[in-house]
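Starting off with a structure, shown below.
A, B, C and D are the chain letters, set down in written order, and residue numbers restart from 1 in every chain.
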Amino acid sequence: MQTTCFKTVLEKYPIIFFDGYGVIKNYKGMVPGVEKTFTWMLEQQKEYYIVTNDASRSPMQLAESYQRLGLHIDHERIISSGMLAKEYLDLKVHDGIVAYLGTENSAHYIESMGLHPLAVREIDETNIDQVNALLFLDDEGFDWNYDLNKTLNLLRKRTIPAIVANTDYAYPVMQNEVSIAIGGIASMIENIAGKEFIHFGKPDSQMFMFAYDKIRETRTITKKEILMVGDTLYTDILGGNKFGLDTVLVLSGNTQPEEAETLIKTTGIVPTYICDTAAI
Amino acid sequence: MQTTCFKTVLEKYPIIFFDGYGVIKNYKGMVPGVEKTFTWMLEQQKEYYIVTNDASRSPMQLAESYQRLGLHIDHERIISSGMLAKEYLDLKVHDGIVAYLGTENSAHYIESMGLHPLAVREIDETNIDQVNALLFLDDEGFDWNYDLNKTLNLLRKRTIPAIVANTDYAYPVMQNEVSIAIGGIASMIENIAGKEFIHFGKPDSQMFMFAYDKIRETRTITKKEILMVGDTLYTDILGGNKFGLDTVLVLSGNTQPEEAETLIKTTGIVPTYICDTAAI
Amino acid sequence: MQTTCFKTVLEKYPIIFFDGYGVIKNYKGMVPGVEKTFTWMLEQQKEYYIVTNDASRSPMQLAESYQRLGLHIDHERIISSGMLAKEYLDLKVHDGIVAYLGTENSAHYIESMGLHPLAVREIDETNIDQVNALLFLDDEGFDWNYDLNKTLNLLRKRTIPAIVANTDYAYPVMQNEVSIAIGGIASMIENIAGKEFIHFGKPDSQMFMFAYDKIRETRTITKKEILMVGDTLYTDILGGNKFGLDTVLVLSGNTQPEEAETLIKTTGIVPTYICDTAAI
Amino acid sequence: MQTTCFKTVLEKYPIIFFDGYGVIKNYKGMVPGVEKTFTWMLEQQKEYYIVTNDASRSPMQLAESYQRLGLHIDHERIISSGMLAKEYLDLKVHDGIVAYLGTENSAHYIESMGLHPLAVREIDETNIDQVNALLFLDDEGFDWNYDLNKTLNLLRKRTIPAIVANTDYAYPVMQNEVSIAIGGIASMIENIAGKEFIHFGKPDSQMFMFAYDKIRETRTITKKEILMVGDTLYTDILGGNKFGLDTVLVLSGNTQPEEAETLIKTTGIVPTYICDTAAI
């Protein structure tokens, strides 16, 4: 399959959205050569954002994780699905307890809004009636057996919104090894409970809109000026396309070079360009 | 079930989004008393929009259909899923033929963008290679048997985006009678072809964002100032909630008064308020 | 990919189940060389059955269609999904009208059981209350637009079982051209109506059980003695495996030689053998 | 809603299939009065079977659990989904390791067939290549977090059949409390892995066929002589209907008396009779 030179593509767009995992970094660290891309974008005064399905950490902590790889990305440049969940709670949940599945760290978000977070394991008869929302944040920080059963029963007893702050079903942990993500767990509970949850994350447009709105606070742009770079057809490319952006599929992550063409054909999800990596 | 007085709710919000069918009008004409709501909103300088899953007509024609019922609604106040499909084509399809299923009337949109619309029935060996997108617009205007088979085979031959301009599966045509909508037909083709289509319409956030953006062109608002009024939990209320709006479920359309409470409980889709109708 | 010699496989099993389309015949006629397989099976006193998702014709008519290709297959050797639908009606519907979608020809089945078949188009206010079942038989013989809308409204008015006599979503009509099958149409109506239909056809075990029972009327066998030969992983191979049969995937129909290995890996549906064709 | 006298229904059928949980017993013990039904059936020489989605115990152990409630049911009268999984392994897996999720107790089945069971947690680089099947037996006996991630990665590395020995998504543990069943867990893994698993359990016909075959070993019967008694529309009633049996929905378990009529109407799953309980 013929791929396009990534630099040639970049040159056409003043604003670039990047997926994080599989594009900028992977299980081994930085994707080789990507640091040059960021240096070049700085020189060229390109504006960029990381648009990522991640609710396990704050943008500040995500920025630190890039820093540790040697890449300086300002936390203001990071848009995560966790930020959408935060906005939802801010707009729609005014008081009471927000029950959550995730690490204590991921729950800091809830506290920062003046809401009272409570780990699902700590729900009991004395507080269950104050629980006004359920939040799926991270696959870590709780006992899957005990807490998932408790979550299912919470939803049977209380008619409250359930918010999933990451739509991913799995994430890579090393070469050929993946881990079940909170999005996969939440979908199981959704199926068993027979309810409709509120899911935040790519391919949903709200992720892209959040970044788009952030840019427009300071300047006037159109969607034609934005390029979305991702490694996954179902999230980055489908979502970017639907939002009206031009899209690049890179082959450094989820999509193997030898399967890209077949996958595009069978899914009907067509990126504007295909490039080997986001390195230049 | 205890319902809330609609006027009391309206008074709290400067901006109101209305679903059309089942809220303002139904198979018999105007929902009784709704004209008073619009008169009152005019007096009170409330800003309102009709946010509707409809791609069969232009906003201009939709406005005319309200006019015929005796309700003057400016076409600038109407946001339809067809407008999102139009924006997609404008941003993402730069040349070639756009094949469509729908009436000739619904295809005028495509033409107005300088693109070349072609009814699926007219695709043949001489033009199939120029087809760059497939658009599902309306359930009328084509032969279901002949044209749906042709559509399926088009998608097997050409790797092109398929855009569904209305997510509804069915729509009411008279009391206790519904008609299959283009959204239901498109989902059948999507399942058989095994591809991912691009769907525009509630509950997807992009509908609400389009209206939200339109307002913000002229003034600064927050989502807290907007109320969404709808008759369907899965589209109006789920979508409104997810976008961060307060929501009213009215019982004049899709959701029967006697089933509302059970439906809210089993689906977990919770409106901010429940009112009998949008009449005041 | 390494394929196995079909004759070597056949020799191990006294009883063989064949899928029809894609294995014995295709859009051009007989799969080349398959007639020799049948001659050889006759000499070797192998017992065989055609197990096919087809409700458009009786076994007698299906036998005739093989006869026209030059292959003599006794109608007693043909097990179709239509026969399961017939058994269901025989056991579960004792009187009244059976509404159907399909050709008049396909409806003869219903009549032969002493039940009163009525094409959906002929349902009206005088007879709708006598309709006790709905049967999806064939994609031909009715007006898709008019009759499918009528079918949907029938299911909203009457709480009756809906039986789908063919699980296939599409069937090939010529090279690279398929046609939507009644199974695909029925699934659309099922989704829109939100009801559970009763589906007969592979991969469901009931198809294999029907053939298995037929054999056991005259002799004692075990499942280990039966081989299922098919061209489709999702129906023939998944169903055969689940029923406990050894299975052969042939590459003369639905599954292309170059994609077989990838498909087996991604679906996890593993045939016991892979052979080029059912010819020997 | 008008219910029918259970005894009047029983009298019409020489053979009765019972679901276990929700029909004969519940979280508190025996459903009151059901012991009289079994005494009466003994006197009347009715033949009965328990047809249950349960793979956590052998029929012998299931019989003991009824014994402890004071009900003598011969283990020969118990047909479980675990028996179908056992038959599958017996027919289709001839050697190597069968990896499983469940208690050691539930794994005895595998051993009894001469196959080598291995808990998922014990899979490592030295034995993974010998794993020839994966079996979902029970929701207990393993660490959900560690072992489910390991299961997902096993399926990414080895193209092997995955067998789910219980289709239930959840099971009741006390009034208003449920527990996630292995069927729900398996469906999550199936969705994330994107593979097709083999599911055994009601509503699948194979459960009913297994019981039907068992009876026919000793006598000749027809499906018209069999009544299926269950408390769940989606499993007992849908499956019984599809297999061609007359069905009774009892209101002592999963289906609440006040919701029965609505559920039948919305699902389109229609039992032949509705009775309060299986007590006489």
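As a convention for this text, a residue touches a chain if its C-beta (ideal position, glycine included) is under 8 Å from a C-beta of that chain, and two chains touch if they have at least 3 such contacts.
The structure displayed is predicted, hence computed values, not measured ones.
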Superposition rotation for chain B onto chain D, Cα-based, multiple of 5°: 180
Centroid-based (C-alpha) most distant chain relative to chain B: D
Which of A-D and C-D has more C-beta contact pairs: C-D
Copy pair chain A, chain B: interface residue numbering same or different (half cut): same
Gap in Å, rounded to a whole number, between the CA centres of chain D and chain B: 44
Separation of chain C from chain D, taking each centre as the mean of its C-alpha atoms, in whole Å: 28
Centroid spacing, where centroids are CA-atom means, of chain A and chain D in whole angstrom: 39
Multi-chain contact residues (two or more partners), chain D: none
Chain C residues within the chain D interface of the complex: 87-88, 91-92, 155, 159-162, 193-198, 204-206, 209, 223-224, 234, 238, 241-246, 264-270
Chain C to chain B touching residues, read off their complex: 139, 143-145, 148-149, 152-153, 156-157, 169-170, 176-180, 184-185, 187-188, 191-192
